[in-house]
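Letters A, B, C and D mark the chains as written, and numbering starts fresh at 1 in each.
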């Protein structure tokens, strides 16, 4: 399974998570969410309202090299400021938001701040708007293009953003949040991954789960149309 | 008010608190940042929701003592390695915020109020590190988290158009630019083009920066390069890649050779 | 989303808290106000910095139980006599604000925070009457006055243009219109003209109301009449003078005959 | 002295009060301030920055029938929202602001809210932005087109707005605020007014003062140019 195919599984899983969302926000460096939102609008949820930091409801032709690429704003239906999107979330008007985590732990906490390795601080880029969005959006969807036991940990070293993720989508599986046990549980495992392999690459205990549904041909066609050059691979490589 | 880049940058004292326009590689005051480096400014504090080339460059040349931001990166192109190294080596303090608290602090400053309540982000580690405090909600008896006002000395804005007094027009997303102008003591405008007043007035609905706190206006075509300034030019992706590969000597050459 | 004025006004429940666009006689949702009267809405609360024809008309027909505003008048044309009489007779409660506290209350609602600090206006009589409370500034040990968030049920906006989903464009001053849209639970747009999406996008820099909370969009040419809606029409000064001379029967005729 | 000539004295006095102001704000129903600002910009203070609720730095050809008349915004140099002007004042960035008072008292307080006469409430239009502006602008300038002892009172019945006025301009005189005694004192008396007449029409003790300087011919020419039809009389009649 090459990285493009793995990306497609992730995108399809993320798109399905938007089925009954009204408003979704996507921030910077969000290639897979970008494709997932386009796919969701085309296939699962035509009325989905899409908020970006460049404006409201873009209809871009292609996945850009940057998710703050000027051409996104050109295709928007209205202006809205970044701060106003945070306000929306604070008011409870954001259903889904896509948040990336350099470290993600069993409780759904995210670390995008820094790591301490052998007493040495490794600086990460920071959590952007994640702290507010994870805490206030109704259904935060986390994603991470890589899945290993340094990324998926029992407990993050710093909590940049805390909240209850609706889903966590990775190249190995999809987690959901178990409200009762207040932790991530595996919802589906991608077909190329064994439970053993998943456990080896995850810093907390994982459960067995059904195989992730294969993206349909027509989904892949939509993804290829929005990203003909395979920019989406960036996140997995 | 119309002046040169050199003269405008001379207004910035060492130790100032600056806010930069744009976001990541979008409508950043890149030419202004290069001149800050050339004039060897020191001990600056830079505040921005999401910085890229601008903050990274200043960190590479030790112009900055503190960065207050939610995110510093080159997005898909890689990490902000000069920022990263400066923080890791302790030469720059990264006072981490979330983009939201940068905005809330600017709002409080813009409104002339000492602090502003925010939505509950209390589990994030930086809430304690930044010293954000709780207050009693006097209307509903709960506790509410707050952030203090932060008032920038200068907002440095790269706009598409301005008139000679500094009334400035932004096409496309504002990011925090209009807000930082309201909050700041002083504004410097670099603009792709200076246009006659009458021409700017014909586009009044995009002119949201009045000239009254603008201390300098400079015409700098491609002033956001290697970032973008739509509709005039896109990010120069090759130039960004090259920038990210530069060593110390290469960076020194970069700020001298990329003009303005 | 495209609907009729009649259907849109049916969405408004008796007892709702409404915010109206514009200021005095400028870009007011006048046609909407007349239909509120025709449908005999009751117990509305209307909040606005500065009202004129819109609030006065609703007071004349006992649609309103409370007005929260800083100013209600016809400026140089005279007093808002129906508002005045309704307040003096105790049929309407005038919960006096200053325009500033209307805005601050909307900001708090827009930000999803329970209250917001304000500059010190403590000597004004209505500060106590409105129950505005002090809190301790957790950063500087002083006391700061606050106002609570006030969240409108509906923002009723008369805009120059909208698309069929309700993305809306305002030329010229916004007054509190964009803010009240952020704060409100629901938005109704009346627009001088509904234009195709592609046409609205070409003027994106004036399109600041996204459609997502818009529950109804209605094309109403001259929807602000007898107020103005630039650049299309000015205030009809003669019609305002005539309105101010109307007695009860004349007013009843006015709302029936002035369509929409 | 007809009402146009009396208006000219008031406008000239108000314009002179703007000599060293940087930023001035004028609200609704402000015909005399409108003319005074235009006069100040043309004669006393060309760099004066003019804030209106319709925008920044208008250059209108004529005094309009409404100070929120659309044509003001057409001639502005930049947009600014009303709330942002209050913020400016809260930040200490507004020097002068023009505030009208239905009642003005010796302490400089304004009542634009309501009067209680024989136990009956007389509703006024409200104080608009006055409460914030009077309390926070550096040099509030009050004006009133009529001057009698029901308007200029010892103590207002309701304080709509409190602050220390820099000047109070009326058809009879100009007051200034005496910081030491914390009350209004007469700075100049218009030439057609006797001290006795001023006292009779003022509900608190007034002092004698020099005659108000006559507006120069060139000032009157500027005022006539901006208001050829004499709209400014409205406020005095």
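Please note the rule applied: contacts are C-beta pairs under 8 Å (C-beta built on N, C-alpha and C of every residue); 3 or more make two chains touch, one makes a residue touch a chain.
Being a predicted model, the structure only gives us computed values, none of them experimental.
> So what's the Cα centroid distance for chain B and chain C, whole Å?
About 36 Å separates the centre of chain B from that of chain C.
> Nearest whole angstrom, what separates the Cα centre of chain A from the Cα centre of chain D?
58
> Counting in whole Å, what is the centre-to-centre distance of chain A and chain C, each centre being its mean C-alpha position?
Once rounded, the distance between the two centres reads 40 Å.
> Can you list the residues of chain D that touch 2 or more other chains?
55, 73-74, 79, 89-90, 136
> Indicate the residues of chain B shared as contacts by at least two other chains.
Residues 111-113, 118-119, 172, 204-205 of chain B touch two or more partner chains.
> Classify the chain contact graph as line, ring, star, complete or other.
Other.
> By the touch definition up top, name every chain pair that qualifies.
The set of touching chain pairs is A-B, A-C, B-C, B-D, C-D.
> Contact residues on chain C for chain A in the complex?
The touching residues are 109-113, 163, 165, 167-168, 182, 197, 200-201, 204-205, 207-213.
> Please output the residues of chain A touching chain C within their complex, sorted ascending.
22-23, 49, 55-57, 73-80, 84, 87, 89-93, 136
> Flag every residue of chain D that touches chain C in the complex, lowest number first.
28-29, 31, 53-55, 65-71, 73-74, 79, 81-83, 86, 89-90, 109, 113, 120-123, 125-132, 135-136, 158-162, 231, 234
> For the complex, give me every residue of chain C touching chain B.
These residues of chain C touch chain B: 108, 111-119, 133-140, 142, 144, 146, 148, 171-172, 204-206.
> So in the complex, which bits of chain C are touching chain D?
Residues of chain C touching chain D: 23-26, 49-50, 69-73, 75-76, 79-80, 83-84, 87-88, 94, 96, 98-101, 103, 107, 118-121, 123-126, 172-176, 179, 228, 230-231, 234-235, 237.
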